[in-house]
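In what follows, chain A forms one complex with chain B and a second complex with chain C.
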Partner chain A sequence: MTLRVDDLRVHYRTLRGEVKALDGVSFGVGDGEILGLAGESGCGKTTLGKSLIRMDGRMRLAGGTVSLDGAELPIGDDRRMNPFRFKRVSLIPQYSMSAMNPTRRIGRMITELLASRGESVDTAELERRLDLVELPRDILGRYPIELSGGMKQRMVMVISTLLDPSLLIADEITSALDVSTQKAVARTLVEFRDRGFVRSMIFITHDISLTYQIADTIMVMYAGRLAEKAPASVIVSEPRHPYTRMLISSLPEVGVRHAERRLSGIPGRPPALLDPPQGCRFRDRCPLAFDRCAEDPPPIEVAPGHHVACWKA
Partner chain B sequence: MMLSLEGVTKTYRVGAFGTATLTAVDDVSLDLVPGEVVSLIGESGSGKTTLGRTVLGLLTPTRGRITLDGAPARPGKAYYRHVQGVFQDPFSCYNPVFKADRVIKMIKDEYFPGVAASEWEGRIEKSLKDVGLDPGQVLGRYPHQLSGGQLQRLLIARALLLDLRYLVADEITSMLDASTRIDVLNLLADLKSRGLGVLFVTHDLSLGNYISERAVVLYRGQVVESGPTAAVFGNPLHPYTIKLLSSVPRLTARWDGGDPAVPAVEVSAGPSTLVEEEPGHLVRRSGTTLTRSVS
Partner chain C sequence: MRRYFGRKLLVYGLTFLVAVTINWMIPRFMPGDPVQSMLARANVSQPAAVEAMRAHYTSLFGLDLPLWEQYGNFWAALFRGDLGTSIWLFPTPVTDVIIRAVPYTLALLIPSILLSWWAGNRFGAFAARRRWLDNTVLPIGYVLTATPYMWLAILLAWGLGIVAGIFPVSGGYSFAMRPNWSWEFVGNLALHWFLPFVSLFLVAFGGWAIGMRNMIIYELEADYSTYLSSLGASRRLIRRYAFRNAVLPQITGLALQLGVLVAGALVTEIVFSYPGLGHLILQAIQNQDFFLLQGTFLFIVVGVLVANFIIDIVYVLVDPRTRTGIGGEAA
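Up next is the complex of A and B:
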């Protein structure tokens, strides 16, 4: 197993108190697995991704452990994390396209990045990978601003996997792209996994239809907790958690005639995480809620590899 | 009352001394009628937002004309009484220090100064209820205290206070979660069944497919395909439309190993025309070639 996360709790410090953005999340990512992480805005996807590589100043590890390739990943210790970053765990952050340093030519940026990790550029390998993602080799002499969205995204993918990390976390890397570019980028991720440029991957997106195309497993989060995790096809065709079911059935699709069939959304909003309610967090939006839901439903394995946190599952 | 676009073209001067021109919208004609949603589908840079803004009088067409009921559309009170827009980022339309009731009151000051306060309150209540909002819950709130879906509905409610006939909705659901997005789409469908005409601008084909009667696909400022939604999505004829549709992720099918043999998108600079391949289903064909058989 590449990654193992146990009872992870990460809070944001704010003036009004601690926002419990991750409140006891446990899961694993197997060797060679692409885990799709889905859920509504604010459910904690980015927080989870960041926690595994670099906590920002307002984040606090409130509990839990993480192991990578069988050894502890010291996520709460900024300095001890250094040898892991980029080499063993790599992150493509949400909005990374605008995060590339605009004043550096791309080639120079790569050289500096690797030097800061005590590594040097293997030019032949870099060029091989550029060819693979169909980027021209002379891109190394250009500035980030000269690249289109799709080119930037492929460039970021190449850079962040240069040292063949065990785990790549890709946070909404296709959300700003047009559909045809989105497809090319998503497929490139799969190819990177197949070629061993990364062993395993967490692919974060709010778009379940997209994650279904490339993920082996999908994990749905709700309000800082795991709602359901299962093989991708099971999540899409036999979801067991009421939230997953409602989410899937709220998605319009091409190739379907909707004229006679109205879809429906999920009334209400997720609870605030400053002071989350007791019990199941989906309770006040859930049509199946009953007395028992005032207690926390623990995730249970309802079938091999299929975990659901719901009393009715 | 029909809203017509005839040969609408918008060019911009670009380059160091304005020496080059960029054609953002190229000779687009289309009609909007009451009770119909037309989706305007295109990727970034296709000109869909420029076209939407032109309809709203926020941009002046370089060539071509827009008419409402046969009369040239002139931006101003008379036009905006009937034609309004709602945009992608609802937060940017609001001054963050105004509460919702103030935003709505601005409509009264501008358009209905003579209406008595009590009657006005009744109208507000009705239009909020029409979009599924509880007046007591939203009116006293600042924008950041509302969800994206609530804000989008509030903006639609504000437009409904006018004698609204047409709504230009530009990517209005792209900031919303899937669970709330569908409610805003269903709201448009309700308003449509009560006679509103909607120009639904989107890059998301699945939303266009869900909501619209007719679909218009834009590529580099030109209409490449248009027609009844079922025809455009069920039997796409232009290579660009085919390519877009094959890229859309679906829950009913995974992308297969190889890409289907998608014909290369013609980027011929030469003359091309829209050819009617089936009743109402228009496809752009380059001047010289092709009358492809309908498969």
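Up next is the complex of A and C:
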């Protein structure tokens, strides 16, 4: 198991109190596994991704442990975490379009970045990877402003994986792209994994259909907690958690005429995490809710590799 | 690139044309008659002699010609490097008067502009994100930059000149000395130079430091900084990138501030009776010396335009984005 997260709790400090963005999340990612992390806005996916590499100033580790390749990741300690960044855990950010310093040639920026981590650039390997993502080699002599959006995205993908990290976090990297580019980016990520540039990956997105195309396992989060985690095909074909079921049924299907069958959304909105309600957090929106839902449902393994946090599962 | 500079030069040329025209107009439409005041100074009582002198001076300065002809002659003389004859220091040519004053003004302006820009940027970048500096020294910066030049100059003259008695408070050098290249004279020159320089430096320094501090904080929050820190880049590298990018708007700021700084230097010179262009302007106005006033303004306008042009060139050199913007392709 590459990554092991146990009962992770991360809070945001705000003026009105602590927002419990991650409230006891446990899961693992195996060697060579691509974990798709899905859920609606505010469910804690990005917080989870950030916690694993660099917490921002407002985030506070409230509890839980993370281990990578058997060693503990000191995620709450910015200074001690630094040696792990880039070399062991790396990130493709949401903001690839603006991730590169606009006033440095890309090649020089890479050299300076690697030098500050005590590494030197393996030009042959870098060029091989540029070829792989179909970027021209002379891109290293250009400024980021001279690249198109898709090129910047691929360039950042190459930079982030240059030191062959064990874990790569890809945070909503397809949100700003059109559908065909999204597919190409997703395929490139799988290719990176297959070639061993990265050992395993957490692919964060709100687009469950895209996740399905590349992820081995899908984890659905709701209001800072794990709702369901199962192999990708199982999540799509036989989801057990009512939230997952409603998410899947709100996706359009090919061949279905929507004049005959209306797409259903999920009414209501997730609870505020400043003061989360007791018991199951999906209770208020859940059509199956009953008395027992006032108690917290623990995630249980209903089938091998299939975890669900619901009393009805 | 050539088109960009061509366009820039055109704009500067037009600015020059307009500035010279306004410059020519202002003294002529200003109330008061310089010939009259010269006659008064000559203190001649015979009416016939007065009439003859008036005719002589009027034709000497070309004031008897129609306005448009005066304007044309002005341009023609300008290209010959002839700015006319000073009325205040009659019959010294204006060019000579200005050339005598220019070294003083430049010696004040160039070090105070460049040093305050450099030191202010360095200090602002250093203070950003360091709490105790942010809370103690930057408020002082706000006070400094909000201080009018001449007021700070008066305070300094009073504090360090009159009360402490360390520095002389007026003149370019001691009245007891004659200009020569001895150590004693140069030392005296430096002593007189210090207070006007410091008052200009301090006001500008505060402004640059505050601007830089805000820019650095903005750049450190920018996506590329976040990305670099996520990849564990050293704080030094991130700060270096942030500084380099934050300096760009400061360069533009320098271009915008030049005019203000020059004006500040002029009033500071007046406070310290420093024999530079500011002092000349004051004298020219008091003596209704059109030609000197014109010449001085012209010199300042040209100076500011040239400085702006240099900044344009620097900007193109340091920011690749302007280069691609103007060339339409990779530079």
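In the analysis below, the second predicted complex is superposed on the first by the 310 of 313 C-alpha atoms of A that agree within 3 Å, B and C clash if a C-alpha of one lies under 4 Å from a C-alpha of the other, contacts with A are read in each partner's own complex, and residues count from 1 in each chain.
Everything below uses one rule, namely that a residue touches a chain if its C-beta (ideal position, glycine included) is under 8 Å from a C-beta of that chain, and two chains touch if they have at least 3 such contacts.
Nothing here was measured: the structure is a model prediction, and the numbers come from that model.
K.L.:
Per the contact definition in the header, classify A:T14: touching chain B only (first), chain C only (second), both, or neither.
P.N.:
neither
K.L.:
Once chain A of both complexes is superposed, is A:S209 in touch with chain B (first), chain C (second), both, or neither?
P.N.:
It touches chain B, and chain C stays clear.
K.L.:
Of the two partner chains, chain B (first) and chain C (second), which one does A:Q278 touch, if any: first, second, both, or neither?
P.N.:
Once the two structures are laid over each other on A, A:Q278 reaches no partner at all.
K.L.:
Could you look at A:R104 and tell me whether it touches chain B, chain C, both or neither (first, second, both, neither)?
P.N.:
In the superposed model, A:R104 contacts chain C only, not chain B.
K.L.:
Please work out whether A:L91 is in contact with chain B alone, chain C alone, both, or neither, and reply first, second, both or neither.
P.N.:
second
K.L.:
Classify the contacts of A:T123 with the two partner chains as first (chain B alone), second (chain C alone), both, or neither.
P.N.:
neither
K.L.:
Which holds for A:N82: it touches chain B only (first), chain C only (second), both, or neither?
P.N.:
After superposing on A, A:N82 lies in contact with chain C but is clear of chain B.
K.L.:
Chain A touches which residues of chain B in the complex?
P.N.:
Listed in rising order, the residues of chain B that touch chain A are 43-44, 147, 177-183, 185-186, 189, 203, 205-207, 209-210, 230, 233, 243-245, 247-255.
K.L.:
Which of the residues in chain A end up touching chain B in this complex?
P.N.:
40-41, 149, 178-180, 182-183, 187, 206-210, 212-213, 236, 246-248, 250-258, 262-266, 269
K.L.:
Which residues of chain A touch chain C once you look at their complex with the stated criterion?
P.N.:
Contacts found on chain A: 53-54, 82-87, 90-91, 93, 95, 98-105, 112-113, 116-117, 142-143, 145-146, 156, 159-160.
K.L.:
Which stretch or stretches of chain C touch chain A in the complex?
P.N.:
Those residues of chain C that touch chain A are 222-224, 226-234, 236-237, 241, 244-245, 248, 318-321, 324, 330.
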